[in-house]
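Sharing a structure, written as C-alpha cells. Questions coming.
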Amino acid sequence: MTAARLQVELAGMKLRNPIMPASGCFGFGKEYAQFYDLEKLGAIAVKATTVEERAGNPTPRVAETPGGMLNAIGLQNPGLDHVLEHELPWLERFDTPIIANIAGTTTEDYVAVAERISQVQNVTALELNISCPNVSCGGITFGTDPVIAADLTKEIKKVSKKPVFVKLSPNVTDVVTIAKAVEAAGADGLSMINTLLGMRIDLRTRKPILANQVGGLSGPAIKPVAIRMIWQVSQQVDIPIIGMGGIQSAEDVIEFFLAGASAVAVGTANFVDPYACPTIIDELEEWLDRMGVNSITELIGAGWKN
Amino acid sequence: MTAARLQVELAGMKLRNPIMPASGCFGFGKEYAQFYDLEKLGAIAVKATTVEERAGNPTPRVAETPGGMLNAIGLQNPGLDHVLEHELPWLERFDTPIIANIAGTTTEDYVAVAERISQVQNVTALELNISCPNVSCGGITFGTDPVIAADLTKEIKKVSKKPVFVKLSPNVTDVVTIAKAVEAAGADGLSMINTLLGMRIDLRTRKPILANQVGGLSGPAIKPVAIRMIWQVSQQVDIPIIGMGGIQSAEDVIEFFLAGASAVAVGTANFVDPYACPTIIDELEEWLDRMGVNSITELIGAGWKN
Amino acid sequence: MDKGLLQVVSNELVADRVYRIRLQGEWVNRKIVPGQFLHVKCGPGIDPLLRRPISISDVDQTEHTLDMIYRVEGSGTKILSEAIAGNQIDLLGPLGIGFPIDQRQKGERALLIGGGVGVPPLLYLARELAQKGVRVTSVIGFGEANQVFLEEELGSYGEVYVTTIDGSKGHNGLVTDLLNEQYGLDNNAWDVLYACGPLPMLRALQDRYQATDKEAYLSLEQRMGCGVGACLACVYPAAEGSDHSYYKTCSDGPVFELRKVVLG
Amino acid sequence: MDKGLLQVVSNELVADRVYRIRLQGEWVNRKIVPGQFLHVKCGPGIDPLLRRPISISDVDQTEHTLDMIYRVEGSGTKILSEAIAGNQIDLLGPLGIGFPIDQRQKGERALLIGGGVGVPPLLYLARELAQKGVRVTSVIGFGEANQVFLEEELGSYGEVYVTTIDGSKGHNGLVTDLLNEQYGLDNNAWDVLYACGPLPMLRALQDRYQATDKEAYLSLEQRMGCGVGACLACVYPAAEGSDHSYYKTCSDGPVFELRKVVLG
C-alpha cells in the first residue's frame, strides 16, 4: 500500500521507488551494501564502464567547493570484461534493477560496451554518459553537439537490448536542443544533469588542486541549475527524466519531481552520509503523507502542468 | 607603500585596489555610502542602465539556494536620463572610478546608452551586459552567440569614449570562443562571470519561487565555475579580466587572481555583509604580507604562467 | 543603521512554532521606531546565505534589550530557534521606515490590526502610542488557539480582540470580520489604523479603506536581498499618481500609507 | 564500520594549531585497529560538505572513549577545533586497514616513525604493541619545538627520539637523519617499521628500505570523497608486479606494505 505510492515506471522499468544512487558515487554497490540492504533502493546506477580497463586521472581527484565538490576521477573502471564477469554478477543477489552507465572516446567504444552490457539479465537500462571527449571529433565532448549526441544515441539504440537513457551535460548553451535531438534519435529517457565544469586553485601551491586542473562540480551548489534544466527540457520532450544534481533530502526529490523528473539519482550525498538513499526513501513517504499525495507520480512536472 | 601593492591597472584604468562591488548588487552607491566611505573602493560597477526606465520583473525576485541565491530583478533601472542627471553626478563626490554597466534589447539601445554614458566624467569604463535577450534575433541572448556578441562589441566600441569590458555569460558551451570573438571585435577587457541560470520550486505552492520562474544564480556556489572559466579564457586572450562569482573573502580574491583575473567584483556578499568590500580590501593586505607578495599584480594568472 | 553583534538573553517558544528571542547589547542604544526590522544572519557560513528580515517587537532602552518574535518557517528561522543564551547574533538594522507616530496626539484613538507573525511589531507600537496618551485597541488574528501570542502584553495598553480562523479561541473568523459597529470597531471608532500581517489581510484592509479618508498604514513583507535598498529585490508598484513608480519594502517601507502601494 | 554520533569529552590545544579531541559513546565498543581512521563531519550543513579523514590516535574501551589529534588546516578542522564538551560529532568508521600487528611476537623490536600530524596513530599502535610485549622505539619529527606533541605519552611505551627541522627541540633535522648506527636505529636495530607522516618522509623511507627485506608499513594520505571505497578519489598506483593496478587509500589502506604502492 504505502510502498505502492513510491512506485514509478519509466521507459518500461518498474521501480519500487524513484531513488537510485548516481553513477560513479556508489561504485558497483559492494561498499554501501555493508551499510544497508540494497533492495531498499529503486535502482542502482553503477560506475561508468568502458571497453578497456582505465586507470583514470592522477590524484588529487577531488576538491571541495562551497556547498559542492569537484571530481576528476577520469572514468577509472576495471573494463567491460571484468564488469561482466564480476561486478554485475555480484549484484544479482539483490532484486534491484541496475542501470549501466557506459562511456568511451569513440562511437565504437560505446557500441561495444552497450551491445554486451545490455544483454546482462539484471541490467535494466543503459545510461549513456556523453560528457566524454569524442576523440574522432577533435576531443569536443559527445554531449555538447546535438548532431553528435544524436548520432551516438542512434548507434547505441541499434545494439541495445534495454532502454537507453542519455545523460546530458549541463555545460551547454542550449540543453533543450540536445535533449530533443537525442529523443528524436530514439533515446528512451534522459538523465540530467551531469557535473558542471569547475576549478579550485590552492593558495599555497598556486596551482589547481586537482591534478587534472578542471573537474566536475556536484553537490547542493548545482541543484538550482539542475532544476532549471529539467524544468526546461521536460516540457519539450515526451521521454522520462532521471533527475540529479545536489539531492540531499526528500524535499529535494520532490522539487525535482515538480520540475519534471520521473525518478532521481543521489550522488555526492552518499559521501556525506552513507545512509543518504534509504533515509531519503523513508522521508519521502512522510512528505507524501504531509502533502496528501497518493502516488509520487502525481508530482511529475506538477510545477508546470497547471 | 602598502597602498601601492594593491594597485592595479587594467585597460588604462588605474585602480587603488582591485576590489569593486558588482553591478546590480550596489545600486548607484547611495545605500552603502551609509556604511563606509566609497573612496575605500577600487571602483564601483553600478546597476545596469537602459535607455528607458524599466519596471523590472514581478516579485518575488529573489530566492535562496544552497550556498547561493537566484535573482530575477529584470534590469529595473530609472533609465539613462535619470542616471545621467542624478545617479552619476551624486557619485562625483567620491574620487572613485565608476564602471557603467549597460543593457538593452536591441543594438541601438546599447549604442544609445554607451554613447552618452561614456562621456560622463567619472565613468571610467563601460561594462557591456550581454546576458540580455536580443529581440532582433528572436530573443536569444547577445551573450550566447560569438558573432552577435562581437557585432555588438564593435558597435559599442565605435561610440564609446571609454574602455569597454564585455561581461560574459557562463551559460554557454564554449566561453573561450565568445571571449576571443569580442576581443577581436575590440573589447578592452572582459568581466566574468554573470549569473548561471537556475530555478527553485516552492514545495507548498508547487510553483517556481521566482515570479519570472528562472533566475540568475550567484554567490559562493558558482565560484568554481567562475574560476574555471577565467582560467580557460585568460590563457587565450590578451585583454584583462574583471573576475566575479561568489567572492566572499580575500582568499577568494587571490584565487581569482591566480586563475587570471586583474581585478574582481563582489556581488552577493554585499547582501550578507554590507562591509564585505572594505573588509576584503583590508584582509587582502594581510594576505599579501603572509604570502610575501609585493604587488598583487604578481598574482595575475600565476596559476598557469610557467 | 549599522551592523551589530547582540547577545542572546533568552529564546523561548511562545506559541506553536513561534519563538521570542531577547537580545542585549550597547547596540540597542539607538533610536528605534516601531515597525522597523532587523536583517538577521541566522547562522554562520553559507547556508543559509542571506539574512532574514524580522521585525523588532519590543525594545527596552534601559536594559539595552530588544525582542523579536518569529515563526519557524524554513532553514533560517529553524537555526535561529536553536540559539541559546550567550550566543551572539549578527544583525543589521534598525532598517526601514516604521509606523509614523510622531504626529499622534494625546487622546487620539489608534486601531492596531495584526495577523499571525504580523502581530509582533504591534507590541512596541502599542507601547509607544500609549506613552503618548493615544488610546490603543488591538485586533489580532491567528489560525487556531495554540498559535495565539501577545494577547496579554497588548492588553496592558488597551483593549485586545483575538480572532481565530477555527474559532478555537476568541472570535471565530478573520480580523476584518470585527471591523464593524457590532464590535465598536467601525470607521468612527478610530482615528488611525496600523496593520501588519499576511497579504490577504492587508489587501482586505486596503479594499475596505481605499476609498475612505481614514489615516491608515500597512506593514508589508517581501523577499529581500540586501535589506538596505540597493538590490531592488523587494519592490511593490506605487499606486497611480504617486511620484514614484515603485517602492522598496526594505528602505521605503516596510510601512506604507494604505493608498500608496499596489498589493499585486 | 558504521556511522556514529559521539559526544565530545574534551578538545584541547596540545601544540601549535594541534588539538586533541576526546569522544565518548557506546559506539567505541567495537574492534578498532591502530592506523584506522574516522571520516568526520566537522560541522552540520553544506560547508564544509565532505567528511574529513582523521586517524584514531587512542582508544579506551573501558571508558568508551577515543581520541583524535588533528592540526587546524582549513575550514573543516577549524570548525572541529571549536567543538566543546557536550557537542555531538558525526563520524563514520573505523575505516580502512590499519597497521598489521596480529603477527607480532613478544620480544620483537618495532620502530615507529612519525612526522607532524602523522604521529597521532602511533600512540595507539605503540600501546597495542607494548601490550603484546613488542619493544617499541619511536622517532617523531616536527617543524619546531612548539609543534611537538605526544613525546611524553609515547615515552611510556619505549624510547622516543624527537627531531625538529629548526633544531629548537630534540635532534636537529629530519626523522630519517636518525636512522643509522649512531643512534642505534640502523636496519639491525628493529624487526618491523611502522611509519605515518608527510609524503616526502614516506618517500624517503620507501627509497631507503625498498631494496631491503625489512618488514615495513607506511600509512598514506590522500584526498577523499566517500571514505569507504566507492568513489575512487583516493587511489595510489600499485607497484609493478602487484595483483592490483591501484589501491584505494580509504579501504585498501591507509596502511600499506612499503613496497606495495607507488608514491608518485
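When the chains are written out, they are named A, B, C and D in that same order, and each has its own residue count from 1.
Note that in this section a contact is a pair of C-beta atoms (placed from the backbone, for glycine too) under 8 Å apart; a residue touches a chain by one contact, two chains touch by 3 or more.
Predicted model only: the values in this text are computed from it and were never measured.
Touching chain A and chain D at once are the following chains: B, C.
Set against the Cα centre of chain B, the chain with the most distant centre is D. Chain A and chain B, compared by their mean Cα positions, are separated by 34 Å.
Distance between chain centres (mean CA atoms), chain C to chain D: 57 Å.
With centres defined as mean CA coordinates, chain C is found 47 Å away from chain A.
Spacing of chain B relative to chain C, judged by their CA centroids, is 36 angstrom.
Residues of chain D in contact with at least two other chains: 46-47.
Contact with two or more other chains is made by residues 66-68, 219-221 of chain B.
Contact residues on chain A toward chain C in their complex (touch as defined above): 66-67, 220.
Note for the complex: chain A touches chain B at residues 65-68, 70, 144, 171-174, 196-201, 203, 206-208, 213-214, 217, 219-225, 227-228, 231, 246, 251, 254-255, 258-259, 291, 299, 302-303.
Chain contact summary for the complex, chain C toward chain A: residues 46-47. Of all the residues in chain C, the ones that touch chain B in their complex are 1-3, 41, 46-51, 92, 222-237, 245-246, 251, 264. Residues 24-27, 30-32, 34-35, 47, 53, 55-56, 58-64, 66-69, 71, 73, 76, 209, 219-221, 248, 268, 270-275 of chain B are the ones that touch chain C when the two sit in their complex.
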